[in-house]
Amino acid sequence: MVSPVLLIVIPLGLAFCVPLIGMVSKRFARFVPVVACLFNLVVSVQLLPAVLSKPIVVDLGGFGAPFSINLFVGPVGILFSLLIALAGFVVSLYALAYIDKGPTTRYHTLYLLLLVGATGVVLTGDVFNLFVFFEILCISSYVLVAYRGDKDGVESAVKYLIQGALGSALLLTGIGLLYGLFGTLNMAHIAVQAGSADPIPLFVAMALIVVGLGVEAAIFPLNAWLPDAHSSAPSSISAILSGIAIEVGLYAVVRMVFTVFGASSMLSFLMFLGVLTLLVGELCAFAQSNIKRMLAYSSIGQIGLIIFAIAIATSGSITGGFFQLVSHTLSKALLFLAAGYMIYRSGSMDISSLEGMGKRMPLTAFAFAVGAFSLVGLPPFAGFPSKLLIIRGALADGGALLALLVGLVLLGTVIEGAYFFRVIQTVFFKKGDGETARCEAPAIALVSMFVLVALIIVIGVYPSLIIGVLNSAASELLVRADYIGRVLG
Amino acid sequence: MRSIAIIILLAIVAVGIGVALMAIPFGVAKTQVGDHYTESGIGDTGASNIVTSVVVGYRAFDTLGEITILFVAAMGLGAVLAGGRKLGQRRDVEPASLILRTGCRFLFPLLLLFGAYIFIHGHLTPGGGFQGGAVIASAFLLVYLSCPGRRVSKVWSQTTESLGALTFVVLGLVGLTVGGHYYLSSFMPHGVVNELFSAGIIPVIYVAIGLKVGSDLTGIIDGMMEETI
Amino acid sequence: MSFLQDYVYYIGAFGLVLIGLFIILSRRNLIKVIIGLSILDTGINLFLISVGYISKGTAPIFSKPGLVAEDMVDPVPQALVLTSIVIGVAVLALALALAMRLHKLHGTLDLRKIGELKW
Amino acid sequence: MIIFVSLLVLIMLVAAIAALIFRDLLSAVIASCLVSLLASILFLFLQAPDVAMAEASIGAALITAVFVIAIRRTDRYEE
Amino acid sequence: MSLELLMVVALGGSLLTYVLGRVSSRLRNGFAVLVSLALVAMVASLYGKALHVSYYEDFLGMSLVLRVSGLSWLFAMTASTLGCLSVVFSLSYMKGKERTSFYYSMLLLVNAAMLGVVLSGDLLSLFIFWEIMSWSTFLLISYNGGPALAAGMKYFVMSFVGSLAMLAGLLTVYGSFGTLEFGGVAAGMLSASPGYILAIFVLFGVAFGTKNAIWPFHAWLPPAHSEAPSPFSAILSGILIKMGVYGFLLIIFVLVGLRNFMALGADGLPLHTVLSIVGAITILFPTFMAIMQNDAKKLLAWSTVAQAGYIILGISFGTSLSVAGGVFHFVNHAVFKALLFMVVGTVEYRTKGVRDLDSLGGLIKKMPLTFAVALIGVCGLIGVPLTNGFVSKWLIYKTLILERSPFLALVALFGTWGTILYSYKFLHNIFLGQLPEKYKDLERAPMTMRLPMTVLSIVVVLFGVLPGIPLSVINSIDTSFGLKPLNVTLWGLASDTGALNTINILAAVFAGLLIVWLVLKSGGRKVSVDQADNYAAGAAIPKDKYQYSVGFYAPLTRMVAPYLKDFMDSFYMRLAGWVGGLGSGIRRIYTGYVGDYAMYIVLFLAALIFVQLTWSPW
């Protein structure tokens, strides 16, 4: 069996190779991320059955559990790494055609490193190691946001960087407090001791860590960087930021709250926060006229929904949360990719400039529509089972408070439906003035979009394909003792 | 008004952290992991500098991530500044005074040597790849300051960067296949403690790191200097 | 005196952290904010190192015979801080590069005036 | 000893506040460089020579150089 | 005939239609007609069968079931027939328009989704098809662009609110009973508490009521019906909104059970009374709205809302007579309203998109057949004897009288008077009066339009003369609900409280006609003079001065208009405005100054710490 560490190391090594290859041939360097993501995809799929039967703990260096850094490859980790590899693969295909200007070799290197950082965050079992990989993820996304070097891009990158650096600083302070309290950095080792620790210092450490990670996870009110960054980045990067980066941040928050701290008392607060994030995101998106900003705010809303679902902390709702995460990654990536070429062709990010795109680029517009339908949660697309699972999980509890929150969530969904369908109307049914010539996106970009379309429909119709992974992921989060036992032996 | 609000907020945060610090008394050993490192660090890795054995041994994976971050920063700096640069157009700054130039020419090899010394002896004395790399970068900084026209070859610095990082990755992979089947396991003989050629893969990695960090930081300075406004 | 003995490093460390935060929150100039980040980083590093300190400990290096492992200060925070310093320099360098680009594009570093992306 | 350390900490904090106050960015950078240098001395007192070296060479020297370059390319004074 | 095959044909046909459209439009048209015909045949062959298949064993732990019962057969049959006729009608209506492949494929998809809704055997697959129906309908409504966009948006938002309420309801049901199959749910409902049933009923009622456009959820319907392409308006008005009726029937009689349903609600104000009052409001207010409309399709749309009120009124009484009346009225309304929308579509097609009642007129001379079918349709709508509307309205009136609800009966009667007014306006302003000059060269409707209209008008008369045909089917539905069976004869209904026999009416009508003919015959010879043969001050009056169509019912309109504001609609619009305003307000927190953003981060941290230190809730 292959070692899961290859999921991180091989793409990392390839990323280091990209500049060297780029010196020889720039055209060739473009394909390295594709190869790396494909490799990760294959390895993740290969690891999947083994991981589902028993999580793999990888000891890096071979010094024994709390002493060396370890990777914990459980269902959650493998789910995320699959998702990262998949989204990364699709987006790197898209970027082959889309990224045609500027320092392309650097783009592909940084893109690959971003994915490595994300994979590292989700697989690691060590708090500080998580911080390190988190920084890889963040720093490469700062750069990629500014990749175009235009006014908006640099401005939003600077803002993103300041907020991200502030978050990282808080995170590091929190890790320092944790180390001071427990004298260890291994998640499982901390988790064992967390129960018996002094509650106040533990809470302060947790607050620092959750706030620090929450900046990347775009929890309200820490998400002010997101609309700027997602809207000014190149669309391929927006897709990855929206589809992967914030989800990974969310993963980190969830892992900390659930596994490391076991803070079940925080969950109801997180639930409220999730609903608040959802409503703020959807309301702001509703008032947007810039398509990418709208999509960015919608990501905030979706993250809120995922937080809400996971914070309910029943097996059903966490499964729903993870399902929503999967469907959000696929759909939002698709939306950004499709919007990317529509913006590229029309030359403006204003929604009204997309009029008539349904005729000028029908396939791209179709892909956009599928993404929007799925995100709104309409059958038979992937967003439907996830919404179903979340609401089923929330209502199964039967509490009046949860029912109220579900009502608010549904309200948010209605708002989301309204603004997405407004865009669909604009794209398909408004007669654009002037240009009517066909200008379809290039073939390779269409291939990448239609891979996502196919996945969205297949998952929407056969949710049982992934439900097994999601269920074990939910139980991994819920059963802390398993995690601890597996790592510490 | 704003300042007052900020002060109030920071005061709350300070109180919170202060309360938390009550549980972390200063100067008292509280660690379980650190004790193990100091006690068996030499046995496990063969480095007499325990910090080095932690950085490149126990927590080598962190270090791999760390050099990646530096790589990202150097790469990204180039990407960010590339947008504003027109090739072949450099500022013609009058060269620095003769004294400065001569002094730099004299100091430059010495600094390089010093940096190399630091990272080669990382497992024995304080210092290591990062410190050594920084010293090397400051050597280049001196050159840049004294002779603004001179530049390090992009190809070479890029190659050093990539190869240094690749060495790290590949060494880890070798460890995965031969030594104990752990990624980054110390598969080379530890040798005699406190000798230069000891501590298994640590010196090798530190040399790679030193070169890589040196060229990374040089690249960063280079990028900043080269930016034409 | 014993108060100083116990807390002076913590005070120094969190003093830096708070001053750094204050700079980030209150200053409008981007370079100043980046200076704030650098001070914040330094403060956190100092805090991490003081967490690992053991009274009357020695540096964790077996440089001469007669050193005992029990007396050594904790090496882990030192390793972490090494990493953190390098991360800090990476972020700061990137931030400064972005600041230079920003200045070129917007003609100012006043963050209040750089607010085209909003709402 | 502790008095000396306290003095260093005091100077360090004063330098940090100076960095906060100075309108001249170059002076502010020098002040923050001083902060780093003093921190690296404190690292030495805390028995962390490795870190002290790193902080001195990277935190104090290189970062300051990068700051100075950046300030030369942009505005020197805070508005 | 297996149900899965039927669904596969329906859904696959829609998909394939689009693909074929890429190849050749002629092929596609043929294929679309073929698919819709095949569906009619397949549904017809299901008559009287009781099938039950589980087509998807494990959808997130729930099994999806298709089944057919008498009720669903009736709805499926109506849906597929209307779908087929509408496809045929579209053949010429859509000629030369753009994006026709998309149109046909969506039309068939709506059709398939409706079949899916009525053939579903569990709530989840009902919901899935319901949603597919909603979004495909949205796409079709928006198809015309321009004002249709706002209409589509309104439709989508309201219907989405409804379906989400339904989702919440069905998941609550799943949470308590662990199954979503109708049988299991019904069994669970037997022992459920009234409060619980009421909550479920309200959640589902919002969904069904929105689709059925009963007051106060009607606001989407008038714009949607008037802006959609006319063949689709026929489907929309004829069958799609009746999915709400299906839903009500399902939840009242199949899931909750009549006995439970009648016991719901407060003591003085039981739920079924509330429902019938809502039905009455839905009759009264839209009727007057319809009278005031000057847009032919808007008029029909408001009339649809009003007629939906009759259906709800019928169902809410829960006696075998009233349910039969409601269900029969649904069938009838589907037939004549689809017919009328097709009439407007024909007119629109020939006059190049004119449907403003003020500027039409006199088309009887150009399109006699269209006028004839319109007359039949209008008679059905009013409920003139020997048309189908008469029978169903008779059943409803009879219920109201038997149940001693004079007030509701008065409202229903009032509604009928109003119906007469707007129906006449409709008929007159389009077909009677003067033919405007510009329509001199109008041709008669093309074959593919006349065919479906003729079929529908024949059905109107057939069901009016021989109500026993549909009533026997409806009677079997009644019995399957556990109601007392009616004594249905081919010519009507026999019961001890009063019988309906269309033979008598037929005889009376023929006798009346004979008398009228005799009277006319016996009168003196008439000289027919051209209407324009007319002078004022020595000059011929221009023909267009004789336009009677302008300002029809102007005095009445002046009288009632100030009191008849669709305040629910303006409420919804204001709500949407508030939401937009709220969004614009909230997004101001993203000020663009990064110092503020950093402040939020520290503020959040400080708030967490402060709360914990002060109250320590966590």
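For clarity, chains are labelled A, B, C, D and E in written order, and residue numbers in each chain start from 1.
As a convention for this text, a residue touches a chain if its C-beta (ideal position, glycine included) is under 8 Å from a C-beta of that chain, and two chains touch if they have at least 3 such contacts.
Quantities reported herein were computed from a predicted structural model and do not represent experimental measurements.
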Labels of chains that are neighbours to subunit B and to subunit C:
A, D, E
Please find which chain has its CA centre nearest to the centre of all protein CA atoms in view.
A
Have a look at B-D versus A-B and report the one with more C-beta pairs in contact.
A-B
So, comparing C-alpha centroids, which chain is the farthest one from subunit D?
E
If we define chain centres by averaging CA atoms, which chain lands farthest from subunit C? Would you check?
E
Inter-centroid spacing, subunit E versus subunit D (mean Cα positions, whole Å):
76
Centre to centre, by mean C-alpha position, how many angstrom separate subunit C and subunit E?
69
Cα-centroid distance, subunit A relative to subunit E, in whole angstrom
43
So, in whole Å, the Cα centroid of subunit A is separated from that of subunit C by 29
Counting only residues that touch at least 2 other chains, which ones in subunit C make the list?
5, 9, 20-22, 24-28, 33, 41, 50-53, 59-61, 72, 74, 76-78, 80, 82-83, 85-87, 89-91, 93-94, 96-101, 103, 114, 116-117, 119
By residue number and range, which residues of subunit E touch two or more other chains?
584, 587, 590, 594, 598-599, 602-603, 605, 609, 612-613
For subunit A, give me the residues that contact two or more of the other chains.
128, 132, 135, 139, 142-143, 146, 149-150, 154, 157-159, 162, 166, 173, 179-180, 183, 185, 200, 204, 207, 227, 284, 287
Dump the list of chain pairs that touch, please.
A-B, A-C, A-E, B-C, B-D, B-E, C-D, C-E
Subunit E partner contacts - residues on subunit A that touch it in the complex
158-159, 162-163, 166-167, 170, 199-200, 203-204, 207-208, 210-211, 214-215, 221-222, 224-225, 227, 263, 265-266, 269, 280, 283-288, 297, 359, 373, 376, 378-380, 384-385, 387-389, 391-392, 395-396, 398, 406-407, 410, 413-415, 417-418, 421-422, 425, 428-431, 463-464, 467
Given the complex with subunit C, which residues does subunit D contribute to the contact?
2, 5-6, 9, 12-13, 16-17, 19-20, 25, 28-29, 32, 35-36, 39, 42-43, 46-51, 54-55, 58-59, 62-63, 66-67, 69-71, 73-75, 78-79
For the complex, give me every residue of subunit C touching subunit B.
5-7, 9-10, 14, 18, 21-22, 25-26, 50-55, 59-63, 69-70, 72, 74-76, 78-80, 82-83, 85-87, 89-91, 93-94, 96-98, 100-101, 103-104
Taking the complex as given, what residues does subunit B use to touch subunit C?
2-3, 6-7, 9-10, 13-14, 17-18, 21, 24-31, 33-35, 37-39, 41-42, 48-51, 53-55, 59, 62-63, 65-67, 69-70, 72-73, 76-77, 80-81, 83-84, 124-126, 128, 130, 193-194, 213, 217, 220, 223-224, 227, 229
Residue set of subunit A touching subunit B in the complex reads 3, 5, 9, 12-13, 15-17, 19-20, 23, 58-63, 66-69, 102-103, 106-107, 109-110, 113, 116-117, 120, 128-129, 132-133, 135-136, 139-140, 142-143, 146-150, 154, 157, 173, 177, 179-181, 183-186, 197-198, 200-201, 204-205, 207
